[in-house]
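One chain, chain A, appears in both complexes that follow, with chain B as partner in the first and chain C in the second.
For the complex of A and B:
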């Protein structure tokens, strides 16, 4: 194929102009005649029995069009991501601070607030269960009566861990703790529900999975899915938290109850109290190695505080366990994954799905091991690193693994790792400088055995313009741009000729959720397949018309080309002829991600098999008096397979690192007895512009052979993963104090071991 | 609560709205005037999604009450382009991927616009200061800095001042 005109080039996103002019409409911007204001009444308690719930007063208030409780839900009263155990509206017991008990729709916000205030709820507070370790004990009070608090307990074993540990020269054992982390997408969760002309329900939804939303809304309304339509407007970020449904279902329920359009947008405080957080985990981790530094075994026990409901706990723990050994050759691995119910916040997807917690642990441990053996952190990683062809303990064979060591070497070169001791380590009496690295892997795609498919519909009109319909939600990660680029490239037209219709279940085929760094691969392939069908028709027609052999023809820069040279016929001419002569320039495709069949011993369930590798190195400055950590430099080397949209790739890396710095140093939801203490952007501290150093990045392009369009693979999750352990290792290097708990706040950094020497 | 009339200038147009005096400028812009370009990310002054120019200075419009803008002039994201021509910042934001989801963009762009109005040769430090109150969860700010630098260079070139770099 000839050189790309569009793929691999910096190009503005379709819709960029709408965004920079303020025309792009997000859920809160949707205005409709008669639009009501919807609100939810949330529980003030972490755990309480509802003794009385009386909404009659609220219902009779002027301006109130609907008040609903669990009793008014026509269908199933539950969310359905994996398990239907979280109620949409609580029946008899609230189990966390974000449980909703009623919903109202009123003529304006003030009336809606007054209606909420008029709802009479009598709670009987119950003693909550807040410590996952206590909740696991036999005989512990049950968060959900009749259900074991241990909602998930899985053991995975490969090789013989005990024997390997017994034979090892060194064994290191530590316990790590991670925090509740908040996605803090800037646009709060929202939905707009309306009754459509056919009596069905249409919902505008700020989401990652429009087709799954449709299923959930239909289920709650007891309507056939054919009567429910979900449209995604512009979406202001998600990072996993909008993979699971939020208020869009209630927006549908309220619209149905009021028979009027209803706007339902969470406020920031509500948002922070209600949606799934990154799981806090307690991870006991043992590493065994030879004295030369060769890894022999990894043994881990992961306990995740799941909150009261299942949400995506299984999926998150699945990924955490899958990558618990890191990008290393280690044959003996044992990992026990335990999800525990508590009355704390609910937990679920957040960029990386359990892999960031795992990486914090395995990369911290790797530096501890290097220290114990007196080895260089780079050398020990290169010694153990996976390669192309490595069979992981999971049984998965790495098809393309060059980037593991290539990214390590490149990052080390960029920061001059070998010369780091020549850098001033004590720039002032109270300051210490240190360097730390982390290298990780994370899979792209849902995983073997899961329905991982996407469809698109592509149509070229008589004027050569193209409409692409896809069910893939774009929350800002840029799938719309990638799809437009691939279509434009294959059809030889400009980006401005491709219009991507934002996901709308009435028009777009199901593309599954925008999660797991999968859409660029599955939807990308679907676009290529559909575009090739249209291209084929155009070229066949062109061959007929020009009497030139089909294989000499191509489409480029809006023209037919013959042996690469522009011909007088344009794509537009061909499209017009196709229209007139009745050749349909319409294609639909449905692509399944194909997992290789030649790996008989994959023993890990739902294993991913396309890998994002990356290395980050942090240079930090620690103030021994205040405990303040400043990230002075951050080097990041990532493999993208092939960059379709460089702007998007760099953007993902930069944004992921910023989130990683927050995860490492400041971000933590403080939860006391089930009550979140800091549900605001003021008190949940997220990196602002001054907190991010000028990032030094390099993107490797090592084509991915497995199911990747043009060799490109998803990379959205990996950038956040190595940042925290790289910073942790840099702090260790700076102050000689290993930290085992996130975030690494000043209180945890202090006291600095030799701080005495800095005082007079 | 009774409503009161507020008269002010938005994006070059004189407007008169009637709103309860405790409503914020953000509310007035979005609710009364339908200017939904300006976003609400927190309603508490912590995110900068709602930044607009008020009499030449960037402010969080969620922290300003409607009556305070009586007689003032306000510029929002909708007012940055003139005569259908995008401001250089609006273009460079798109070209450099200075946004992903775009929800912070209206506030971020106005903060950067305010900076360039005063200073068409800002240092990295000055750019960081200008956007210090603008929270972006998607980009990590790097591309925003690039976009501002590029737009500043274009503005200088347009003024014929490019030679002194």
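For the complex of A and C:
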């Protein structure tokens, strides 16, 4: 192929204008004749038995079209991300504040509120189980009767950890704690359900996985999946919290019960109380190394608070364990992963999926080790870093690992790491400046052994315009743009000629969930495959018509080209001919993520094998008397393989770092006895523009050989991962105090040890 | 969505008509100006009203007269317009900094100075939705019988939230109050009561019509400063604020001084000792340390806002020191709060 005309260019999202001018329709904007207002009644308690649930009064109120409880669910009363243990509507016991007990649909919001108030529920409060360490004890009261509170306990071992520790020159052992973190997307969860002409159910859903939603809605309604249709309108962010279904199932149930369209949108408070948070973890971590700084062993025990229900706890802990050793060569690794039920908020997917907690730990530990050995943090990372061809402790062989060290070196160069001691370290009596780095890896794709596929349907019309149908949900991350770019590029047409139909299960093939930094790779490849089929037809036709050899022909800027020079025939001419002569310009593709077969001894289950590498360096200013931390500079070097839409790549990096700064310094859901104290963005403190420095970013483009369209790989998750440990290490550098708990609030930064005599 | 309950909204066009409207309506009537405090509070049902009397249709109630020796600001002048006024910024820089630190640009476009001075006291157990408050049971300040911050307390400890109040108190500002039957002028500091529920000495039917800041408090006569502690560089309310003004003679000897603390009591807390410690001397590190020590004792942070109360208490020392160092022209020992006085 010739040089890219579209791929690699800063490209506005199709629909960008609609979004910024307010024309784009999100779930709450959907208007339908006779639309009812749906609402859910949530539990005020963290744990209680339902002694009485009487909805008769509510049902008889004028303007109320449906009131449903667990007894009115025609099919299965459970969510099903992995285990069916979370009820859609509670039967007899509420187990966290986000459990719903009833749903109503009424003519307007006020009537729906009145109906909720008219539902009689008698709760018998029960003593809850809030401390995961206590919940793990034998004989502890069970969160779900008959089920062990320890919902998952898995040990993974590679090599001989104990022997390696015994032979080590240095051993460092610490316990780390992380917090509940909230995704804080702009658009709250929502769904609009309606009954279609054939009696089936259509649901507009603000989600990450429309096809999985369809399965869940059908299952709850006891309907064949063929009678259920899920459409994604514009979606205002998700970050993992809309991967599992939320209220779209209830919207379907209410529409079915009322036989009228129903819209069901969570309020911010409901949203924050109900959806999964990032798992708080307690991680005991031991690092063993030689006196030269070579890593010998890593031993970790990870305890995650799962809340009462399974959700994606297994998967998150699996990823946490997979990356617990960091991007380093270490052969002896032992990691115990324990998920514990409590009556706290449920936990699950959030950008990074277990990797941010792991990185906070392994990168903090790396600096502690460097200190103990008197080594430079950069040198010890370069010494241990993985490379292309490194076989990880998981058995996975890294196909392209250049970016690990390249990102470290580039970031160090950008901040002038070697000269950092020449920077004023004490700009005022109580101020200390410090520098810290963190480098990480994170896999893209679902993992070996899991169904990781995507399909698209592509059709070129007689006028040369193209419709692309894909089931990949675009929550704002830009997959629609990437797919349109790839199609346009391959077919030699402009972006404006490609229309991407937003994911609609009635039209588009399943593309799996938009998660795990996978869609640009999997759906991207599917688009290339489908586009190539159409391109082939066009070029074959062109060769026949022009009598010029097929291999001299190409499509570019709307024209046929011959040896790169524009020909008088346009793509439109060719499309018209194809229409007239009956050549179908229609292609479908289904792409599976292919895992290499030449690595027989991968020992880690569901391991990922395409890696996002990146390094971030933070420069911070710490006030020794107030404990306040200001991030003055943040350098970020990321590898995207190949940037399809640079604007999208930089956007992901900026957004991820902003979230990472919040995770590092201010964000924490405060939960007391199962009650969330700050279920609003007023006091769940995400950073504002003032709190984020001008970011200094650099993107490497080292083509990925494995399953990546044009060498491009996922970039969505990695930006949030190194930020917290980089800031932690910078604080350590500034005030000589290592921190082991997130967020690193002023209260935790204090007291600064011996503030008067810090070495700088 | 959180929505307002049904209300009757009236918008008279004169102060007299507004005063009459509030005096003659039922008990459950309230005034509103920009509504950036009242409307969210009513949506969460911790403030209630059947009738709301808006002041925003009264012409000229929003005028700012900053060129006059004694500055006069109408009650409905918006916070945005206050910081846009060049003369005001030059003459009362610390006041401008305080106003610029309030909430965010869209809220400053709506929020008024009168509303800011009368803004409700705050508490993490109170500024929550109706469902949240119901789930743990209501507290003393609205509908309940217990204080969740101090469970044995018969009194509410909600903290004063206004950022313009401490600095205007320090600058000796006065306010004019008008009701259907009377009008009076009183020192702003006297308008506040150290009680989380009844935090204003103003009667509910009194309208604050203007704020008067004496010329003797402008930058030709005194030096002033304002620092605000919060987690982020914008939007957040104060968890502690310190405002001070110091008058000196030609030899830099202090002739008068005044300081108020915000957010660490139900009213702006005066640090009266500042006058005895500083007056008669030049400002010195020792004097500053002494006042910081006194202020620490006066501050009464409770666990009812962001940050641990004990930490906010300690920060009083640091912030009082910072404010007085700024006034004394001494180099700062720490970083300034991140908000900036940005005019748009």
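By our rule, the second predicted complex is superposed on the first by the 755 of 760 C-alpha atoms of A that agree within 3 Å, B and C clash if a C-alpha of one lies under 4 Å from a C-alpha of the other, contacts with A are read in each partner's own complex, and residues count from 1 in each chain.
The rule is simple: a residue touches a chain if its C-beta (ideal position, glycine included) is under 8 Å from a C-beta of that chain, and two chains touch if they have at least 3 such contacts.
Worth saying up front: this structure is predicted, and the values here are computed from it rather than measured.
Asks: Return first, second, both or neither, reflecting whether A:514 touches chain B, chain C, both chains, or no partner chain.
Replies: neither
Asks: Once the structures are superposed on A, label A:44 by its partner contacts, choosing first (chain B), second (chain C), both or neither.
Replies: The second partner, chain C, only.
Asks: Contact-wise, after the overlay, does A:621 reach chain B, chain C, both or neither (first, second, both, neither)?
Replies: Second partner only, chain C.
Asks: Quick check for you: in the superposed arrangement, does A:267 touch first (chain B), second (chain C), both or neither?
Replies: both
Asks: A:682 in the overlay: touching chain B, chain C, both, or neither? Say first, second, both or neither.
Replies: Touch partners of A:682: chain B and chain C.
Asks: After the superposition on A, what does A:533 contact: first (chain B), second (chain C), both or neither?
Replies: After superposition on chain A, A:533 lies in contact with neither partner.
Asks: Return first, second, both or neither, reflecting whether A:497 touches chain B, chain C, both chains, or no partner chain.
Replies: It touches nothing on chain B or chain C.
Asks: Is A:17 contacted by the first partner chain B, the second partner chain C, both or neither?
Replies: Once the two structures are laid over each other on A, A:17 reaches chain B alone.
Asks: Which one hits more chain A residues, chain B or chain C?
Replies: Of the two chains, more chain A residues are contacted by B.
Asks: With the two structures laid over each other on chain A, which partner does A:216 touch: chain B (first), chain C (second), both, or neither?
Replies: Neither partner.
Asks: Taking the contacts chain A makes with chain B in one complex and with chain C in the other, which residues are shared?
Replies: 267, 680, 682, 688-690
Asks: Using the touch rule from the top, collect the residues of chain A that touch chain C in their complex.
Replies: 42, 44-45, 97, 109-110, 265, 267, 269, 428-431, 621, 623, 625-628, 630, 666, 675, 677-680, 682-683, 685, 687-691, 745-747, 750
Asks: Any idea which chain A residues touch chain B in the complex?
Replies: Per the touch definition, chain A meets chain B at residues 10, 12-13, 15-17, 19-26, 28-29, 31, 183-188, 234-237, 239, 267-268, 475-478, 647-648, 650-659, 680-682, 686, 688-690, 692, 694-695.
Asks: Which residues, counting only chain B, touch chain A once they are in their complex?
Replies: Listed in rising order, the residues of chain B that touch chain A are 30, 34-47, 49, 76-78, 80-81, 86, 89-91, 93-97, 99-106, 109, 124, 127-128, 131-145.
Asks: Using the touch rule from the top, collect the residues of chain C that touch chain A in their complex.
Replies: Residue list for chain C touching chain A: 1-3, 124, 127-129, 131-132, 134-136, 231-236, 306-308, 311, 314-315, 318, 331-335, 338-340.
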